[in-house]
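The structure that follows is given in the form of structure tokens.
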Amino acid sequence: MFLRVDILQIDLPAPKRQDPNAAAALQELLGGKYGEMSTLGNYMFQSFNFRSKSKLRPFYSLVAAITAEELGHVELVSNGVAMLANGPDADQDDQGPGGDISGAPFEAMKDARLAAAFYSHAGGAVPVNSNGQSWNADMVTTTGNVVVDLLHNFHLECGARLHKLRVYESLTDPTGREVCGYLLVRGSVHAHAYALALKKITGVDLDKFLPVPNIPLGNIPECQKYLAEGSHRRLYTFSPACSYPQVVRRIDSPTRLGLA
Amino acid sequence: MFLRVDILQIDLPAPKRQDPNAAAALQELLGGKYGEMSTLGNYMFQSFNFRSKSKLRPFYSLVAAITAEELGHVELVSNGVAMLANGPDADQDDQGPGGDISGAPFEAMKDARLAAAFYSHAGGAVPVNSNGQSWNADMVTTTGNVVVDLLHNFHLECGARLHKLRVYESLTDPTGREVCGYLLVRGSVHAHAYALALKKITGVDLDKFLPVPNIPLGNIPECQKYLAEGSHRRLYTFSPACSYPQVVRRIDSPTRLGLA
Amino acid sequence: MFLRVDILQIDLPAPKRQDPNAAAALQELLGGKYGEMSTLGNYMFQSFNFRSKSKLRPFYSLVAAITAEELGHVELVSNGVAMLANGPDADQDDQGPGGDISGAPFEAMKDARLAAAFYSHAGGAVPVNSNGQSWNADMVTTTGNVVVDLLHNFHLECGARLHKLRVYESLTDPTGREVCGYLLVRGSVHAHAYALALKKITGVDLDKFLPVPNIPLGNIPECQKYLAEGSHRRLYTFSPACSYPQVVRRIDSPTRLGLA
Amino acid sequence: MFLRVDILQIDLPAPKRQDPNAAAALQELLGGKYGEMSTLGNYMFQSFNFRSKSKLRPFYSLVAAITAEELGHVELVSNGVAMLANGPDADQDDQGPGGDISGAPFEAMKDARLAAAFYSHAGGAVPVNSNGQSWNADMVTTTGNVVVDLLHNFHLECGARLHKLRVYESLTDPTGREVCGYLLVRGSVHAHAYALALKKITGVDLDKFLPVPNIPLGNIPECQKYLAEGSHRRLYTFSPACSYPQVVRRIDSPTRLGLA
Amino acid sequence: MFLRVDILQIDLPAPKRQDPNAAAALQELLGGKYGEMSTLGNYMFQSFNFRSKSKLRPFYSLVAAITAEELGHVELVSNGVAMLANGPDADQDDQGPGGDISGAPFEAMKDARLAAAFYSHAGGAVPVNSNGQSWNADMVTTTGNVVVDLLHNFHLECGARLHKLRVYESLTDPTGREVCGYLLVRGSVHAHAYALALKKITGVDLDKFLPVPNIPLGNIPECQKYLAEGSHRRLYTFSPACSYPQVVRRIDSPTRLGLA
Amino acid sequence: MFLRVDILQIDLPAPKRQDPNAAAALQELLGGKYGEMSTLGNYMFQSFNFRSKSKLRPFYSLVAAITAEELGHVELVSNGVAMLANGPDADQDDQGPGGDISGAPFEAMKDARLAAAFYSHAGGAVPVNSNGQSWNADMVTTTGNVVVDLLHNFHLECGARLHKLRVYESLTDPTGREVCGYLLVRGSVHAHAYALALKKITGVDLDKFLPVPNIPLGNIPECQKYLAEGSHRRLYTFSPACSYPQVVRRIDSPTRLGLA
């Protein structure tokens, strides 16, 4: 069961201008193979399908907790998409045309890369990648074998950071860059958590494998405040006994989830 | 942002026997066009894309609250799928073969309708329909126009109840029937809520349209306890200030969401 | 059974210039979720699957008649796509290169949004949306329940008008604008017809729901001649006892189909 | 523009019993790669995209006429699907459950191959193949080159007959066999017509290529009445100046379309 | 560039009987997410996209060599599919019906799980999974980062062995079991090779992670002859300077590819 | 079984500049309906599914040999894609950012048509078309009937040359033009070979049908050296007893494959 808190995980700065192609770029982080719908879908179905919960509870708890966080990431990226697609002044529902509509007021949309996003969704986010391909079940791995699933998740988080960096490197608007900066920090925690979980089961020190890719978070301005508050060292339970970010029960190391 | 509570919305009875085709039938309610992934996907992205939140807050709140409930429905159906696919004795992780594997111990799976569910997911749920077709973005409607979106949602809930009834009518196992019985009750609340929301905006008494389809919940044994506790008259906020089902802040009429 | 008349439902003005991105925009109205392939596919399969034709004949006749009209809409939009993709001077089959082909005569196509339309179809229309995604069966609703189907159709026509307006607002060329203007007028009739059909069955005055979205057809220049000839008040049978547009047996109100 | 005549191209005998798997088999002829949606989709979009109509009118007329006939084939197969899926006594709309629904009255549907057809469409036809895969734009060839298109069509009709024979050879029910028998006869005309068209353009006697595959229509009981009435030698225009089958303007050879 | 040798990598025993569902089961190993089309597609495109070949040549050579082997695996599984689908006596091309076809000689195919395989492909293999879903580009990972790619490949080989075991455990026919037995042996080599490659780059002893899943090859009868000949310890170059299996230049340890 | 030779079939000139849209154009020749993945997929699965090899061996050998050549074409186009996407100076693996990444060094990628190719694949080739749609099993024809398959292949090669010409006519960069020029020459051989094979079986002189489309190879500069060396008259076996291009056993006419 899930509960909803009506705030985003972080505050997003308003976009400087309407930029449909930047919104489309963020869609890669939403519906692309390594996007948030994929991390969500993988962990969500893995946790639903988990068996042997008594014996393997720490691993179940880890996947279940990150599932809840990924829901918030899907929400965050989606908000970023809608903000960039509609621009800084967009705070009104599309209820049909207002004044003179005979002059092609949206002519610019004809040349946007993801034109369908405007025509069918008024710039809103949907689970597709930066070229409009739908997210789908082929991007969900849930094998019934906990080691294979965790190994997949470890690889997924590494790949996801690579793609987040590329999107970051192609954006100039503060909205999209903030989304990427935050997700890069949180992704490093998830990769680390899966490495520790696999280490606990197999004895192989996968944590020494990291960071892959080798992204210097210290060089990314948008990461600094999250690093300063220690977000890169905390794994949250996203359980209702806590609120976020002020009052989430801190887990300063993965130990609290039984992983170390 | 979302939080996760580690209980299902209702208790599911154990299946009487392993029944992969019954699991596959439930998949229609998970990944089919009118399944829980669709209701979730529609309401989730509509709420993420909502503009004019100040002016239209009651409608945003309605869609946002049902989004959170639908997450629990996806979880519920997925658990039902995994239970039916693996049978009453399945409480162990698949860590590779145990004893003698030379005798085709899973020969029955070769003839199961959704054989891929066994081969690739050990019977676990994934977002596909009863024939293995993936859920996808074509099943998400988020138009940017609140009336069109709510009208779509109203139709979606009506259609979803029709399909839930058909799955119910094809199952004999208590696990799947319990899932359907509960979802039929909750679906009737959602259809009603969207009708009232549209009535508030347009003045047309869409609530008189219901029930469509005309399903006599009183004749369905599995619905009785949910009717008895009044679940068919309550809309929940699924906000963290409450817990569910005992302590969710009750909303005995949609008024609390500003809809009447 | 269907017959074909070798004229378009309306005359289309020649495009001013070749504009592949405008052609791609029109593709949203052909193969998008709310495009003409969808209205056609929904009504066509609903009418093929109709049971209880004796008892529910008026509703069958309504859906069957609109099916035939939608075929003409698919034809109309497709012609618009091909005209815009090839430009005003294109009246020759592509039989291979003529003169000097060593100079990249089609270099501009490399940067067109829907480049595949040129490479694989010489600019011809195919059932895809404005980003090249294929129309498919997920966009067909035929539930076996006439009320749910008609409610879906009512929502579909409302949504389709919203998307037609957006395409209109992004185009400057007369070809595409004429297509949109005509379809907006006809769409308003279809939405009204489905509302009346539902009213007859359920007693709910869904016609008061309209217009949704609230599009002032009077402000759209391309709609004027169709409004002047009363096209927004007529439902056509598209049966072979009539010809169109001059001699189609006029149905000045939906009564003729038994809907009022 | 298209008109609709409210009769099927042929009379279909009632099925002997409800047979969902036979209905699913017919779906291969509806939404499979070589099914009627494909022949329809290919010829429909080719005719919409045709350029140089003045110079190449006979070929346009051929493709346009067969398009209209294929619409009737889609209708015919769809009716066959719905009849087989619902059985001989099905003549009522699905308006929700009647009597006692607590006993799984549709338990048999759980094991049907195309279970989604029951759950989501009440057994109605939709554009998918015998395993539920959607028809899509990848099955449409419209290259802008009339010779390549006609060569594709020639191959398509040959392949379609092969698949129709296989479906025929797997069915025992008269409904499905009648559909196949009729379509095999008409398919042989279409293959021949495309061969003659290509012969006229290229001079190669492709008609000597036929029949491919070598199907002895004389051995198929269901073909006999269509052979007796000469249906295998006529190409119809499906234009509104005629009715079908009694009064269609007969074209005893393809000459009338300017092909010989 | 690739060359083709007209023999299978191993001899396959003839099937005991025609078994379309067993053929469909093998399809999971051909077109499923962890099937041979996926291993082929991943390594093939990774090797085509490889940059820095001089600096990273050993890793390029590894991926390139396994690509060639996977082509043979696709061939092997495809042959197994066609053999099982057609049975031990099938050695004739389908050139149309022979004798009496009026008696539904292929009635059994109507109830086969993957009926489309018979109708459209005469039982031949195509790149789909056991439920007819197409293999596609979402199953290809080529990130441009060699560590992430190799980590993905390591996970892929682990997952592939899990799925091969499940298919094996569901089959009784010698043809399918031989395919699985051989591929399990070869898959263990590939998993080991990727582990060593990653160890060389990162220093983490991923080889100690194996075997995941823990499959006792010694207990699988069909694996014995491959183990006896040492196939589980050899990595082949599949270069034309050698032939296979007799004269392939043996590589008794991955050292020869520069990995250790 | 296949072997790999670590050279491309031809030398490709370096691109003049990074041109992601030109790379995307080449993708149509890789993953489009008439691209190299399609020719490969058709011939590969046809040859795997071939029955009656003794009786029909020359036709099997033809399809098998061209399969191997098509693998090299997939390799060639993929290399062209990666070269154009990354530009002349790209010879380093993407191992994460180097210097200052705060300034959006890849801003240009945000506006590329196939942006996902950069974000998810670092510009590498994957089996998608020029708009990012995945290649899939719907593009594979393997019917079990050798005449229908060969007729399909003949049409496929004709269509493929049409599309190659269009891509050529839209490119200015030498890399892409060289790819097209070479493939046009080789495609003419394949079309001719299939025509001769069909002529041998049916007696119809399909070779007189060619060239379709009528492409004057003599006018295309990039074709000249391949014409000069006679590449348009040779069919290669791509067997390991030869090497390519210097020492491939020449087959100066298709006779060597038993086709004439």
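First chain written, first letter: the chains are A, B, C, D, E and F, and each begins at residue 1.
The rule we apply is simple: contacts are C-beta pairs under 8 Å (C-beta built on N, C-alpha and C of every residue); 3 or more make two chains touch, one makes a residue touch a chain.
No experiment lies behind these values; they were computed from the predicted model shown.
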Ask   = Looking at chain E with chain F, do both copies bring the same residues to the contact (over half shared) or different ones?
value = same
Ask   = Measuring centre to centre, with centres taken as mean CA positions, what chain is farthest from chain D?
value = A
Query = Computing the C-alpha centre of each chain, which chain sits at the greatest distance from chain E?
reply = C
Query = Which whole number of Å gives the spacing of the CA centres of chain C and chain D?
reply = 24
Ask   = Could you state the distance in Å from the CA-based centre of chain C to that of chain E?
value = 47
Inquiry  = For chain C versus chain F, what separation do you get between their C-alpha means, in angstrom?
reply    = 38
Request  = Pull out every residue in chain C that's touching 2 or more other chains.
outcome  = 33, 94-96, 113, 120, 122, 131-134, 136, 138, 143-145, 147, 162-163, 213
Task = Spell out all pairs of chains that touch, sorted by label.
result = A-B, A-C, A-E, A-F, B-C, B-D, B-E, C-D, C-F, D-E, D-F, E-F
Touch list for chain B against partner chain E, complex = 94-97, 100-102, 104-111, 113-116, 118-120, 122, 131-134
Task = Report the residues of chain A in contact with chain E in the complex, numbered from low to high.
result = 33, 136, 138-139, 141, 143-145, 147-148, 151-152, 154-155, 158-159, 162-163, 198, 202-206, 208-209, 212-213
Query = Where on chain D is chain E touching in the complex?
reply = 21-22, 24-25, 28, 32-34, 113, 129-133, 162-163, 165-172, 213-216, 219-221
Request  = Under the touch definition given earlier, write down the residues of chain E that touch chain F in their complex.
outcome  = 1-9, 31, 41, 44-46, 48-49, 51-56, 64-65, 67-68, 71-72, 74-75, 78-79, 82, 86, 90-96, 120-128, 134-138, 140, 142-147, 238-240, 242-244
